[in-house]
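Multiple structures are listed underneath, in structure tokens.
Common to both upcoming complexes is chain A, partnered first by chain B, then by chain C.
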Partner chain A sequence: MVRIPLFRKKKEKKVEGREGFSEALKGVLYGFAVHGAATAALKTRMHMEHLFMLMTLGDMLGFPIIPPYYSLRILPYVVPNIKAWKERLFRERDFTDLLSG
Partner chain B sequence: MVGLAEFFERKPNVEVVVFAGKGGLGKTTSSAALSYYMAVKEGKKVLCFSTDPQASLSDIFERDLYGKGVVEVAPNLYVVEIDADKKIAEYQQEIKQKILDMYGLEELPKEIEEYIDSTSAEPAMYESATYDAMADLVASGEYDLYVFDMPPFGHGVRMVAMAEILSAWVDKITEARKEAAEYEAVAATLKGGMQTEDMVLKELEEIRRKMTTFTELMTDSERTAFFMVMVPEKMAILDTERALEMFRELNIEMSGVVVNQIYPRDLLNKPDLPDLLRKKIEMQEKHLIEIREKFGDLVAALIPMYDREPKGLEMIARVAEDLMHSRRDLLWW
Partner chain C sequence: MQVAFLETPSMWIIGALVAYAFAYYVYARWVDEHIWEVSERRTTPAHMYLDGVEYFPVSRYVLYGFQFKSIAALGPILGPFIAVAYGWLPALIWIVIGNMFIGWVQDYSTIMLTVRNEGRSMGPLVYNAIGERGRKILLAYLLFYLLIISAVFIYLVSLFWNVFPGSFIATIGIIITGLIVGELLYKYKANIFGVTALAIILTLVSVGIGTVVAWPPKNYFGQWSVQIWSIILAVILFIGAIVPLPKFITPMNFVAVFPAIGGVLLIIFGALISPVTGIKLLQPAFKGWYVENVGPLFPILFVSIACGAISGWHSLVSTSTTGKQLDVETDARPVGAGAMLTEGLLATSALAAYMVVSPDLIAKGKISAFVNGATLLTAPFLGGEMSKAYLLTFFSIFLVIYAITVQTLVTRYWRVFSAELFRRGSWKILGNKYVATAVGLLLPIVFALTGSWIELWIYFGGSNQLLAAMALTLVAFYVAKMRKPTWYAAAPAAFMTLVTLAALLWETYVFGLVTFGLRKPFAKPPLTSYPAAAWALNVVFFFVGIVLFVLGLYMSYALWSAYARARRGEVEAKAVSP
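Up next, the complex of A and B:
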């Protein structure tokens, strides 16, 4: 896949004049054109991550999906995700969920 | 001619032999006898493997082998009796240590620790640990022949069924993982970020590789032989029929049936034979004929009833001879 250099981090050196303007324009264009797509991709990825967590560590929440012998091998890599995963699964839902997906 | 020697002449490439069947009918004895014969008489390097602490190889070889690792009990004959509980505990400790090291933690988060500890209560954990140990041993390729004394849960064939389920599961999550990685790559490309290497995917692929290699070996009838051990009794016949059905469903070829604890037929000619024994032998005759009708050429070996328990190398040698070249006076048909 081709990499589109539309997004720069803040730390990069300050640019002025025309160059600064073009940078700002790039930012605006990124916002208009692909920010939505990037966010959607990330959101889908998050959903898949949750699904994956459920498939591997389902028994942590009481879903006996697979013998935990093999899910234990994956556990170390997903330790940082467990908290967010549980919070998302157990979170109460309301109508704003419909708006944010 | 009945006897396992004939089977091994027909299938010289067999690397794995599995004895399955109900508990207490002679699986462990058959495993020990075959291992002894192949190691001592045929000069092959043999590993005899058991996970069952009840009917144990320790008893048969008259040495404490449980949880002691691989022990050489006779020239070329190696025996290992896995302590599954100990193996599970070590495995859990290893996972805990890995988490501590990966994140530089002093102690584990409470819920993670509780989760890891709770897994030992899972009955499937025991089977998985056993299966994993078997796969590791075979993968090492150190021995010419592996003889597995299957634990009596289910028919032992459940192990193979489980391998298929696990393999399908790994396939599915690998797929999900790959798809997730793609979305991450898309998002990263759009934003100009970097993609991280997915260790989880690597781990999953390794688990799958190990399982498919082992399942392929177990279902290859040229390299793996499955024998059901039974006795001439109604229950054992029914049980073996059910097992045959299960084997068929799993696409595994059952290599044969070993019939154990048979009384020699000429005993009936003795005039002073006690009535109890006569009745018992007549009952065996009926069942043996039924076995012959139901299983036909699958009857691979006949082992007699001995005057004492088959324990110690001397007795094992005797059983081995009967297992490989069955006695003619046990043929009731």
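Up next, the complex of A and C:
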């Protein structure tokens, strides 16, 4: 999974005092200035990856692609991403989802 | 110079702060605990569907900053300009009451709708409530809505560039800064702190160059100046809509963040210390129930201040992104309600800037009123007379960036919505990337030819608030399915449905009078020299009003019917317990 700073794990212990304030301020500024850009960049990469995976491993989803030699070569590297790729590709998308980039 | 506390905007800002604190700590907490029964133990879509791209848990502070940045635009700043025509008191009452009982309710509840419905955005939520036809009508409605926003924002940016000498140069400076920052960040992987410092310095230098050069002067292109500025802006927006986000829009918006935050903080601080700086209220508290060329206080006041009190745009942001990235349900209140109430504070501060300017400026409809008011509030603690010229340029650029950063995204959304709507059939060409963008810019420019931005703003406010009313009705529908009290969403939904349909009907009626020759067309020079063209555009606005009203009426009827069915128990109940 791609890691972006300031992600919080569920039920993480809260930081208090001056350190907590500093974390909050940093988070707000990050959200205000960069979060949208980071999400947009991730989505751009996602679309590129979808295209690449479709071209090489589309037969897994029923697309009529002749399995090329290179599909087998890259298979060990893409195996960890196949489940997430299938889920994302098959997820129903609506025009209001497009607002997020 | 010190003046009586009550004669300054300070007391009203403090009063609004107290009201917003009550809304957040008492009312919102009650809704959070008793209606939605939020729990840290319930898994959110961010965890359930975690993919690191669309669904991932994000810190509440990051999401708060993101939500506020996504919802704050020109609405809370320019809306009070129209509303203050009735006096500052009705405007203040609407901003405070709207935020306390309607605005945060929508933003918070739509986030919760997405969280409790497997991360679905507005379209699928509408589909579940009223079916495929409702979803398609929502798409058509949103296209008209984007068209009206574009017409208003394109006209206003062009007007700002025309009225404030130097603001165009400063804007270009910020765009160039954005391009440099983009290259440094994405291509050369430069250090973010260094790049941010460089962005702030270059932005301040751009404003300084704009102030010193103060070129081009007002009406530089003659009587067609505003229209020519619109075409220049359209070229910039066209590039923004077709090139990849990280190349243009993203870095430009990143750079624009700093003057945007700085301006808001300066105005709030200036309003709070106004008893010390001696800046007094000059506007009358109440002027009347009817204002010529604006309309009756009911319903126009409630749509003129849009995003500062409630806005349908927020429901789109809440459901399409924020709700999918909420770490725990208990974060919905600080993110949704917190960001909305902060925007309410921004609207109150903007109103403070209008309170302290001469009533003449408002009466004559001078768009420079905000810039003058903000400069009056801030100059006393930023160098006095010496800094006034710089601050005038700074606050003019403040207006431009709030409009232009949203407009770049709106143009892009128009393009992707058009691609969705016209992907098949004989109209397929309209879904083409370049054609859709060109149409999405050309139509608003033609609309803006009349120069009657206040009438267009009322359409924008009406359609935006009606979208909010639909979102609130949708919330009431889902809360009814949960077998929980619905009044907290249904009552504001009923009020907003009534008020926005009335406002759209009023504006359609006004353009109808023009259409049937019972009133002079709304037009400003140079279009006044072409009465037939002015009349034709007013006729187009009449039909736009009819379309918006009919689509809005259908959606409202369908959603209220769904809500009634849910209340009667004809819709399958949904559990709320973890």
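Throughout what follows, the second predicted complex is superposed on the first by the 64 of 101 C-alpha atoms of A that agree within 3 Å, B and C clash if a C-alpha of one lies under 4 Å from a C-alpha of the other, contacts with A are read in each partner's own complex, and residues count from 1 in each chain.
One rule holds for everything that comes next: contacts are C-beta pairs under 8 Å (C-beta built on N, C-alpha and C of every residue); 3 or more make two chains touch, one makes a residue touch a chain.
Since we're looking at a predicted model, the values are computed, not measured.
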Is A:48 in contact with chain B, with chain C, with both, or with neither (first, second, both, neither)?
first
For A:87, select first, second, both or neither according to whether it touches chain B, chain C, the two together, or no partner.
second
Could you look at A:37 and tell me whether it touches chain B, chain C, both or neither (first, second, both, neither)?
both
After the superposition on A, what does A:79 contact: first (chain B), second (chain C), both or neither?
first
Partner chain(s) touched by A:28 [first = chain B, second = chain C, both, neither]:
second
Touching A:95, do we find chain B (first), chain C (second), both, or neither?
second
So, A:56: does it touch chain B (first), chain C (second), both, or neither?
first
Take the contacts of chain A with chain B and those with chain C, and give the residues found in both.
1-2, 4, 6-8, 34, 37, 39, 41-42, 44-45
Write out the stretch or stretches of chain C touching chain A in their complex.
40, 47, 49-54, 56-70, 120-124, 127, 135, 138-139, 142, 192, 196, 244-246, 250-251, 253-254, 257-258, 261, 316-317, 319-321, 324, 327-328, 413, 416-417, 420-421
So in the complex, which bits of chain B are touching chain A?
91-92, 95, 98-99, 102-103, 109, 111-112, 115-116, 119, 122, 124-125, 127-129, 132, 162, 165-166, 169-170, 172-173, 176-177, 179-180, 183-187, 189-192, 199-200, 203-204, 207
Touching chain C in the complex: which residues of chain A?
1-2, 4, 6-11, 23-37, 39-46, 84, 87-88, 92, 94-101
For the chain A and chain B complex, residues of the former touching the latter
1-8, 34, 37-39, 41-42, 44-45, 48-49, 51-52, 55-57, 59-60, 65-70, 72-80, 82
